[in-house]
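Shared chain: chain A. Partners: chain B in the first complex, chain C in the second.
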Partner chain A sequence: MSETTQSFTDLAPSAGAKFRQRTLPILIFAAILFAIPMVGPSRTFYTLAHQMGINIVFALSYNMVLGRGGLLSFGHAVYFGLGGYLAMHAMNWIEDGAGIWGSVPMFLLPLVGFAGGAVAGAVIGWPSCRKAGTTFAMISLGVAELIFAAAFMFDSFFGGEQGISGDRMNGIELFGLSLGPIDEVYWFIAFWTVIGVIGMWAFTRTPLGKLSEATRDNAQRVQFIGYNPQRVRYLVFIAAGGFAGLAGGMAAVNYEIFTPDALSLVPSGFVLIMAYVGGITFFVGPIFGAILLTYMQSMLSDFTEAWLLYLGVLFIAIVMFAPRGIAGIVFGFLDGVRGDNPGAYLGRWLMRLLGILLMLMGLIVLVEVSVRWSNGYGEVYEPFGLHLGHENVLSWVLVIVPAIAGVWITKRASKEEEAA
Partner chain B sequence: METIVFGLLNGVSYGLLLFMLSSGLTLIFSMMGVLNFAHAAFYMLGAYFAFTITGSSSFWIALFIAPVLVGLVGAVVERYGLRRVHPNGHVAELLFTFGLAYLIEEVVKIVYGKTAVDYRVPELLDFAAFEIYGASFPAYRIFVIFIAVAMLVGLWFLLKRTRAGLIIQAALTHPHMVGHLGHNVPFIFMMVFGIGCALAGLAGVMAGNIFVTDPAMAVQMGPIVFVVVVVGGIGSLEGAFLASLLIGLLQNFAVGINLKFAEIFGFLGMSDLSEVGRISVSSLAPVLPFLLLVLILIFRPQGLLGEKEL
Partner chain C sequence: MTTPALSLKNLNKSFGPAKIINDVSLDIAPGERHAIIGPNGAGKSTLFNLISGLYTPTSGTVALHGRTISGMPPHEINKLGLSRSFQVSNIFTNMTVRENVRCGVLHSMGQGYAFWKNIGSNKAVQQKTWEVLEHCALTDKANVPAALLPYADQRALEIAITIAGGADVILLDEPTAGMSHSETDRAVDLIRRATEGKTLVIVEHDMGVIFDLADRISVLVYGEIIASAPPSEIRGDPAVREAYLGDEELPEVMA
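After this line comes the complex of A and B, so read on.
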């Protein structure tokens, strides 16, 4: 008789590995958020940080649908907006103090937003989650347009063009925060960002979270093991809507105003770009994307009016050349450096970086010169004291030469990688 | 009666314009499985190219050259962009075209400026075709109907009655087999994408001077075209035709009806002052396609003429 029992090595991660991979990153994230006010940042920084916190939660909630669930949605801002609107109304109810609203602290408004987003997800998701793939994408787009158009018809809830505004300094104070000064709002945003990140991370560990990934990969097999893929999608959609609403509630307290623009296609497209550029296959990807794109949105738009063009180029470049996003680039780099031949890897990497920077330089000169030419105000692009008008030959040399050199260098780097 | 006749005429001409757009989209989708999100951007390019060409020569030259140029742009996009993304799956392709829509809009803003350009109906067709009930119907709209029908017949003839159409249809369902028979399937894909974009460009040439040619025209038209395609059943040309006409008629009839909800549902006791009662049917017109979409999805998820899928 042969031995029928076989001993397997224990594949489960050790307690130490679990701590390092699961608990530690969140602790570090919380510690960074905790440390930021210690360095006494400026008002501008706070404003930016708040926006980043909101966008981190929003982008992560979007990734529950796209990255984890495999559903491409073009209308995620609907849940952000509806949750935010409900929170905004709750803010005014707290101010009036009627009924139970008198005893609700302003600090808990994101929970109201969560409820609003989840209910919206439950209602809208019911017809739209029957289908996956391209049809789902088109439905989400149509529903988003419908809600956006309806927002201008029902003024009592959406407040028409000027939206709904409120005052966050009302109701019971929780943790001694009046939410008046900006550094107190910071604690509010930081708290809910961490709660949102932990909540969504925890969701990926639940059976439903695992099933959503299984449905994304193979819906038919999910059916074989006795689950209804449509139902899995629907439940995930509700949860994602809830977390988007949570972000909406954070935004309601932060800005104290909500307008119908918050549920239009523009923020829906922006959250898609944030999540995808960050990297949808990694949990942390959307966090990277939210931080980078929020920064770009507020800083780059001061420097150039064509920032949307750069955003489009960045997005297309990521889709074409780095489908795993920034997180993929970062983790790929870490793996490569720890690999067999870190020297050669680093060399190729630097070469590619040089190529990309050269192409970027060509692109920037091209765009900036063209924008000023097109505006026709006689403005001239003057980086580093150079005078780059559209009639200046040097401008076009600075477009073409770096672009060609960049393409050549990156191609060479790719060839070397293939050879290696 | 007046409302009905004008609603019918405008609805048909608008519906046929929608079909010009959605036929290209459907053609590309049923062939490559990718829903071209930038389709409305190509439509916009068509209008802008026509504006440029009309400025330097005439509208009649633009009518032929502009769609060809848009088709060339589309072919280049397919060859150097989409084909690269293809191995990463349909979502990546859809996202690529999504980014492309952004990019085209921004480039158009730089090249042509942010405000509308003065792209006009050609003088030859700038007269009233006929007058009924004291209102005139522009001849250009008749011309639009004529061109759209010609295109429809041409497309049908190309797909169903020529050898090229036969190969295209075969490549839809059996790309490998067609490849084994010695046809260049990637080239066919490129051609189909180019033709689809050219059809969108043609719609742009025709519609740019009826509506407004500005950088927002793609964003305005895009969602409606997707609604048409989904309502008709994704991938079905006949369905797209039906849905285009349906939505064109629906929208134009709604615009002509100046009733408020309170007047229609007054018998239910709806007040003129309530929020729902104040909404008029004509103000509902832009929302109707999306309402129709939701209704279709609830009662007939595969679309009007779509095939049932799992």
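After this line comes the complex of A and C, so read on.
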């Protein structure tokens, strides 16, 4: 018997490997979040970090549906928004202090958001989870439009165009946090980000989480191992709605306002892009995506008015050339460097990077020159003291030459890779 | 007389005007190894789909251990102890071999749809998973992604998932299709071991496998069972010979 016990445990990864692959990354993530306030970051940084934390939880919850469940949803912001709205109302109930709400700390509002998102998922998921594939995607789109339209009809819940606002500095303080100053809100966001990440990671390790992957791969076969794929999808959908609502609850406390825009198609599309650009086949993918895209959203928009165009190009490029996303690029790179011939791999990798940078340069010049030309205010794109107007031949040389060179270099890198 | 493990009564299935299964009645005793043969398009796979719940019969009933199962969804039928494999490998491609089998084991281990338990910490599940892998000679490939398995191993995994839940009535749909001779021998050996003491219904084109494995053979032609008898009698049946004429040769060497 002891021999049997020995051999069957051998099949699973060793305790050391489990620690390295599962526990350690989460500890490092938590440590980074813990260390950030030590360096005395600016207000801008805090604002950005809070948005990232919210988006990390939101994007991970979306990936429970897309990456793990194989369901393409165009309306995930509905659960984020409904959870957030419920949390917003709860914030005002806490302020009023009536009944049980008088003894609920503001710190726990994301749990209210979770409940709101999960209930919304349970109601909306009931009809929509019967079918996967295109049907599911279409229903999710319809539901998103429906809820957004409803948001302007039911003013007492959604607050019309002004939305619902509140004041987070009320109720009982937890962990001695008044949630007034921004560095106190940081601990609130950091705490719930870690809880969300751990919770969703743990979910992937449960029987339901594994069945979700099985249903994604082969719903028919799931029926013949004794499970109802519709029920698997439905339960996963509720859980994903709950975590989206958790992110909504975090946003409610962070911004102290929720408007109908929060459940429109725009954030629904943005969360899809975050998850996909990050890499939906990896658990950490959406975390990468949320960090990068939140950064782009708030920083890039300061540099250029065409930032959405760059976002679109990035999304299309990832879908076409790197469908495993940023996480796929990162882990592919690590595998390659650890491979048989790291020198040659690194060489090809740098070559490809150079090619991409050249193409990007051509694209940037094209976009920036065109945008200014189109605006018609006579503004001129002037990088590094160059005067790049649309009538300047140099502008077009700087578009075409780097673009062609970039394509050529990237193709050569691919050819070398095939030969290797 | 004991209750048959599987009992089909006046089973009919039509798709529009096309009658695919025509008044099929068949009793299969517990522990029997029953083969279903017939020319292409005879309705063998349709019959399997009717028994396993993928299709609902147009009329007639299917009973498992005396309990009517026709009309139930597949997952309910599976819970009652009937499991099937597929002609085309039907596995969870993005999971490892071990995870595939573990999914098959979950239900019989009472794991349900739990989202509050860690799948890795249940000793009974790991133990059972290992036993099934060992049984199907897949332990050395346990951590290989299923999509990367060689064809014969995918077929073995198909059987592994089918038996993992501990069902006592096993339906195998052409388990050796597309295999080489040596692979077929290994597969037959695996099927024999895996279905020890269980009721087996098998659809197969390889007559060597059929005559080697089956206690009884039913011949399905145009949706009707034209003969149901032990292999020795089937071989001499003139109606069967006629149905197979020009299609497949019954193996004389086995006689």
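We adopt the following convention: the second predicted complex is superposed on the first by the 411 of 420 C-alpha atoms of A that agree within 3 Å, B and C clash if a C-alpha of one lies under 4 Å from a C-alpha of the other, contacts with A are read in each partner's own complex, and residues count from 1 in each chain.
In the analysis below, a residue touches a chain if its C-beta (ideal position, glycine included) is under 8 Å from a C-beta of that chain, and two chains touch if they have at least 3 such contacts.
Given the structure is predicted, the values throughout are model-derived calculations rather than measurements.
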Contacts of A:P383 with chain B and chain C, given as first, second, both or neither: neither
A:G97 touches, of chain B and chain C: first, second, both or neither? neither
A:G209 touches, of chain B and chain C: first, second, both or neither? second
Partner chain(s) touched by A:L272 [first = chain B, second = chain C, both, neither]: first
Which partner reaches more residues of chain A (counting touched residues only), chain B or chain C: B
Partner chain in contact with A:G180 - chain B first, chain C second, else both or neither: neither
Partner chain(s) touched by A:S374 [first = chain B, second = chain C, both, neither]: first
Touched partner set for A:A149, first chain B, second chain C, both or neither: first
Partner chain in contact with A:T134 - chain B first, chain C second, else both or neither: first
Chain B and chain C footprints on chain A, overlapping residues: 220
Residues of chain B touching chain A in the complex: 29, 33, 35, 81, 84-85, 88, 90-92, 94-96, 98-100, 102-103, 106-107, 109-111, 113, 219, 223, 226-227, 229-230, 234, 275, 279, 283, 286-287, 289-291, 293-294, 297-298, 301, 310
Parts of chain C lying in touch with chain A, wherever the complex brings them together: 52-54, 73-75, 78-79, 83-84, 86, 90-95, 98-99, 102-104, 106-108, 111-120, 126-127, 129-131, 133-134, 139, 142-143, 161-162, 164-165
Residues of chain A touching chain C in the complex: 4-5, 7-9, 11-12, 202-203, 205-211, 213-214, 216-218, 220-228, 231-232, 235, 239, 281
Residue ranges of chain A touching chain B (in the complex, touch as defined): 70, 72, 127-128, 130-131, 133-135, 137-139, 141-143, 145-146, 149-150, 153-156, 220, 265, 269, 272-273, 276, 306, 308-309, 311-313, 315-316, 319-320, 323, 367, 370-371, 374
